[in-house]
Amino acid sequence: MDFALTDEQRMIADTANAFFAEGATSARTRAAMDAGGLDRELWRAFCGELGLGGIAVPEARGGAGLGMVEFALVAMAAGERVAAIPLLGHIMATRAMRDDARAPLAACLAGDAIATAGEADGEVIADDSSVTAIADFVPHGAVADHLLLLDGGRGWRIALGGPGVTVEPRATMDATRPYARIALDRAPAHTIPPDAVRQARAAGLLCLAAEATGGTQAALDATVAYTLERQQFGRPIGSFQAIKHRLADRKVDLEQARSAIYWAACSLDEGTSDAGTAVHAAKAFCADAFTRMAADMLQLHGGIGFTWEHDTHLYFKRARAIAAMMGSSAWHREQVAAALLDRAA
Amino acid sequence: MDFALTDEQRMIADTANAFFAEGATSARTRAAMDAGGLDRELWRAFCGELGLGGIAVPEARGGAGLGMVEFALVAMAAGERVAAIPLLGHIMATRAMRDDARAPLAACLAGDAIATAGEADGEVIADDSSVTAIADFVPHGAVADHLLLLDGGRGWRIALGGPGVTVEPRATMDATRPYARIALDRAPAHTIPPDAVRQARAAGLLCLAAEATGGTQAALDATVAYTLERQQFGRPIGSFQAIKHRLADRKVDLEQARSAIYWAACSLDEGTSDAGTAVHAAKAFCADAFTRMAADMLQLHGGIGFTWEHDTHLYFKRARAIAAMMGSSAWHREQVAAALLDRAA
Amino acid sequence: MRLGFTPDEQAFAAECRDWLQARMHGDFADIRGIGNLVAKPERRRDWERRLAADGWSCIGWPRQWGGRDATLTQQVIFAEEYARAGAPNRLNHMGVELIGPTILAYGTPAQQARTLPGIAAGADIWCQGYSEPGAGSDLAAIRTRARRDGDEWVIDGQKIWTSLAQFADHIFVVARTAEGSRGRDGLSFLLVDMRQPGVEVRPIRQINGEAEFNEVFFTDARCPADALLGVEGQGWEVATALLGFERGVSTLAQQMQFRNELDAIVAQARANDAARDPLIRQRLAESEIGLQLMRYGALRMLSRASQLEESAAALTYKIQWASWHRSLGELAIDVAGQAGEILDGPDGGYGPLANLYLYSRADTIYGGTNQIQRNLIAERALGLPREVRGDR
Amino acid sequence: MRLGFTPDEQAFAAECRDWLQARMHGDFADIRGIGNLVAKPERRRDWERRLAADGWSCIGWPRQWGGRDATLTQQVIFAEEYARAGAPNRLNHMGVELIGPTILAYGTPAQQARTLPGIAAGADIWCQGYSEPGAGSDLAAIRTRARRDGDEWVIDGQKIWTSLAQFADHIFVVARTAEGSRGRDGLSFLLVDMRQPGVEVRPIRQINGEAEFNEVFFTDARCPADALLGVEGQGWEVATALLGFERGVSTLAQQMQFRNELDAIVAQARANDAARDPLIRQRLAESEIGLQLMRYGALRMLSRASQLEESAAALTYKIQWASWHRSLGELAIDVAGQAGEILDGPDGGYGPLANLYLYSRADTIYGGTNQIQRNLIAERALGLPREVRGDR
């Protein structure tokens, strides 16, 4: 047992942080928000120059051969900058493609093709080679080339350029990750085995939790800096105890969120029996912590944080989106409760 | 519409406050805690000299002919001092006895007999003249002479001195209102009509909510006084913003609790259609507000509030007891939700 | 203490209801239920004038100035019927509810004659020039200056967070008239015409993409010498008195808007089965209870404003409604789920529930943040020590 | 970053488990699962001695002083197996986990030889003399004095909230040795024998009716001159260093106690059907998640205590566990319902769930209130301005 990051893990985190700090600027993100929510140049650099597109994919399949801990560090870095990249769908889809020799994995890892994932809403009709379904809220669905469609324990890979596919872009509150409604009408589909479906979903939940934790860090940093600078009643507002205590509580949240990420990521990598609970816990806790922090960021910035020009709303809306995606916090807690209460007394 | 207290109502409140401030001292309450939770002398004075035992009973039945608003003012005053009196069972039972000519109302109003009320736990077997049941948590059950037994919409009046009655006193966390377990085995019983049952339960819930509101007031006053006096780091702790803001939130709670009491009491007196919702709302809100205030009282008093000698625990335990009696806050909110959601769209 | 209405009051309620329902299902049906504050401003000006024409513009004002001398209960009844009918937010809330009563209290007969008829007639829309950049909730930090130039005041400075300034004809401005003064001293309260070259309005785009709030720049803006309300240097007192009217009967109208919002959430919850979720049900109940307690709290404030106990209710009201409304926004978006995040509202904007979620975040900030409110409550209602200023 | 144990570590775990289970189902079965800190003190002294006899008293200490030089992971394993077996709270927690390591760090060889064997052997029980009446969490406000008298220090003053003082043989005392000194200056750290006429212990009856805490009065109490740990005037530093050991491996043992408490609540919820209430289920899940996050937070702290990021985890740990435990107490009584309020525990005292409810209220007070913790986090981890003292 050694629950500290290795030197290599720290290096990966540093590299990713530097990459997004330089590349995912507010100006570029806002430009991407007007262009389908995708900063394609940033994404290509992430996959290509940085080589992080395949961080958690085995070397034999063209990846870096690392694990979920390393991926989580990268996702936290992306979340810190609210980067407009299709990381969520990418990790889910590529996770599902790992053991699928015919999957377009190389193009996805290189950033040449964009993969995404979405849950089916309503009834799904599938046979060996095609699927009929609707997915209402597919992240980055309008710019994606491949879709991993999930329905409970079942999954399919679908080429979005193929027949029987209708993609309807949807203007979305979090414009850094807009949804699309994808309707499939006997679209050609490749079936994904249940274990890969499970792993894809776990990776997606971890991605959201890690993005949330990165977002919490960035929002806390920005708010601390603002409260030190902003004067009211002749003092920096950060000297008022009510504000100090509020931010202290968010720091306590943040430290717990980090523990949640490491627990979930390690459990997935090591395949422990509580990995499912760990992932549910991480999604619920980290999404809630980010929601609280983003709300405090808005409140403590006062009027300026309520303007479109300030970046506060990017974090506020991202927090909302994460909280609602792939199951609410209450739903994930219910899964934890079920595991706890069903455990032999 | 005039939602201010009348001069007469203010006078009743002042009288009750003065009575309990003088009579329900910490020393007397603590003595009562070792004597079945009953300060019989105080109760006799309340009923007799003050004549408040029949405040909400019609003059024709020997009462003062006032209503639930006036009763709530008195219950708030009793709650402020955590008085060890059987007010809860009394108001429920006497409410149910109003239209029952054979009931021992006069003795109860005079304070010579003590009436209480309790919910049946488990199955109730009843015929025209007797009842078999168990009531697990009857407030002041061990010192009571008459029991109003409730089971859903049904109710019975039982003389506890009669045959088929077993009363087992129970040491209770809130020793100012200890429970008894009362087992009835074909005990002679007088049936109470459903409307009287409903009114008795509403009066009981209002009593608890009003006691909670009085308790909130007293706990807030005591805590404000303590934080002004107690020095830490060379300042009164009440000058620290975190403490100021915490107590401000409790003041906001308190004002809302008062509104809840007046709403519920007026609605009962005027028989409005939302009276049921008002009573559920008052119980849930006021119990929760008191729970928060009592917790803060303990926290902000520091170590001293954690000692048996200090009165903090009397409020803390009373708050707990009120929260658990006659349905949890969540249960009462669920009733409000049901009324809201079942309302025609 | 009595909740019920007398037969006379019931008759008045019927009169209000009949008139409002007829309009909202007749010639003004196109603006029924509009919650959005910046939509259809011209139609809302029409509506202000129509209210005035039929005597409903400012029923609490004296008859002399176009009101009806309505009793408190009548005002309560009208406010509630108004919102119940889905009549739109008053474009001239600031005029009718805030500056009008303040001019009645502090204005000279000449000032009253000059300003009140335009407000009563629904012709003159007013806005509020209090907040400044950098000053936030700290009125004493105001830097906008006004200097005397012959028969006029000349105003230079900047206001911010000025709600609906883009539609307003007049603005009331707190400015520093005593050169070199600090804090609360040396401020005066001026009534200024917006339609002049020295006044420039720049909308502030908000997180929901719309612009209710504005910056207002004053560059050699002018008003007559006798547009100063009260006496020179009395600005703090007048400004504070005006804020007191915010807790008037209009709070009940606001609450009925809240009721309409809660009803919309309930309807959504029924439609998408969120109403079957026990956790959502708890929160719906909390919202319902909170709204009722606001109502009865407001009735306590209004019924006997002078009683000590009631003034505490007044002091706690801002944080109560602001926090309640912010929570309602959170409930709205949770009930809506991911569908609530799709921009499918009119003109491609947010739908009403998402807009409520975003917009309600401002409530705990403007008009004194929750933090400021807690200070006030702790110091004024509980007698706890004042916060230390850094600059004293 | 790795969670799993090596085969060697697994073997060690088995050794711990076997020994502990044998004792807890054998000659010490009568104190298995005792959560109450004041029950059966004599048997718990026996237990301390038995741990020592078999080499389990202080496995993290050096072999030279009766320990096993256990690795961090071994300590983690033992702590968790200890609590899992239902072994009782250590009566000598203060000796083994706090003063022992402090004496190892600051003690002279002679002091170490005089004190450590008694602790390691389970013979000498220690308690902590920090808090004073009126000083609360403010260590700098200490007023207990110690003056030099020949070869001895003579101590006068009063300590309060001294946990388990009624069972202790020794107390470590922070006292003012420089006359007229203020604040952190002029304090020294003394090792004092409780068994002398100048030391009087008065139990404090708590809201749950029991008395874990005490007042300790010093009236001409004495200790040898060389019972001063560190150097004269270094008391603040030594006292603070000792508090650092509170975040050691013993946190994991505490967490396993918490796990036992949560298990008891789960069992109660299953028994009375509270487990079917969706709201209770949410809170049970929150408790479970919070406990797991404490565990992994502690492992982060312990695995690389020197890393910057980890020190923030250490700074936030007290408020985290204290608030978690207080919430657990609230959940316990809510799950128990009214039945939980009946005093049906052993000796007519509170049952375990009610006791947890009451007792856990102290957690957010002692050892630095939540308010103090938030100040520390804001100032040290976030760099926000320090609170203004009133007396400077």
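By letter and in written order, the chains are A, B, C and D; residue numbering begins at 1 in each of them.
Criterion: a residue touches a chain if its C-beta (ideal position, glycine included) is under 8 Å from a C-beta of that chain, and two chains touch if they have at least 3 such contacts.
Remember, it's a predicted structure, so these values are computed and weren't measured experimentally.
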More Cb-Cb contact pairs, comparing A-D against A-C, go to A-D
With centres defined as the mean of Cα atoms, the chain at greatest distance from chain B is chain A
Averaging C-alpha coordinates per chain, one finds the centres of chain B and chain C separated by a number of Å equal to 40
Between the Cα centroids of chain C and chain D the separation in whole angstrom comes to 54
Residues of chain B that touch at least two other chains are 236, 239-245, 330
Residues of chain D that touch two or more other chains sit at 278-279, 282, 371, 374, 387-388
As the complex stands, chain C meets chain B at residues 1-5, 9, 73, 76, 266-267, 269-270, 275, 278, 281-282, 284-286, 288-290, 292-293, 296-297, 299-300, 302-304, 307, 309-310, 312-313, 316, 319-320, 371, 373-375, 377-379, 381-385, 387
Given the complex, residues on chain A that touch chain D span 1-6, 9, 69, 220, 224, 227-228, 236, 238-239, 241, 243-245, 247-249, 251-252, 255-256, 258-260, 262-263, 266-267, 270, 272, 277-278, 281, 284-285, 330, 333-334, 336-338, 340-341, 345
In the complex, the residues of chain D that touch chain C are 278-279, 282, 388
In the complex, chain B touches chain D at residues 136-137, 170-174, 179, 231-236, 239-240, 242-243, 295, 298-299, 302-303, 306-309, 312-313, 316-317, 320-321, 324-325, 328, 330
Residue set of chain C touching chain A in the complex reads 131, 134, 136-138, 160-161, 204-207, 209, 213, 277, 279, 333-334, 337-339, 341-344, 348, 350, 354, 357-358, 361-362, 364-366, 369-371, 374, 387-392
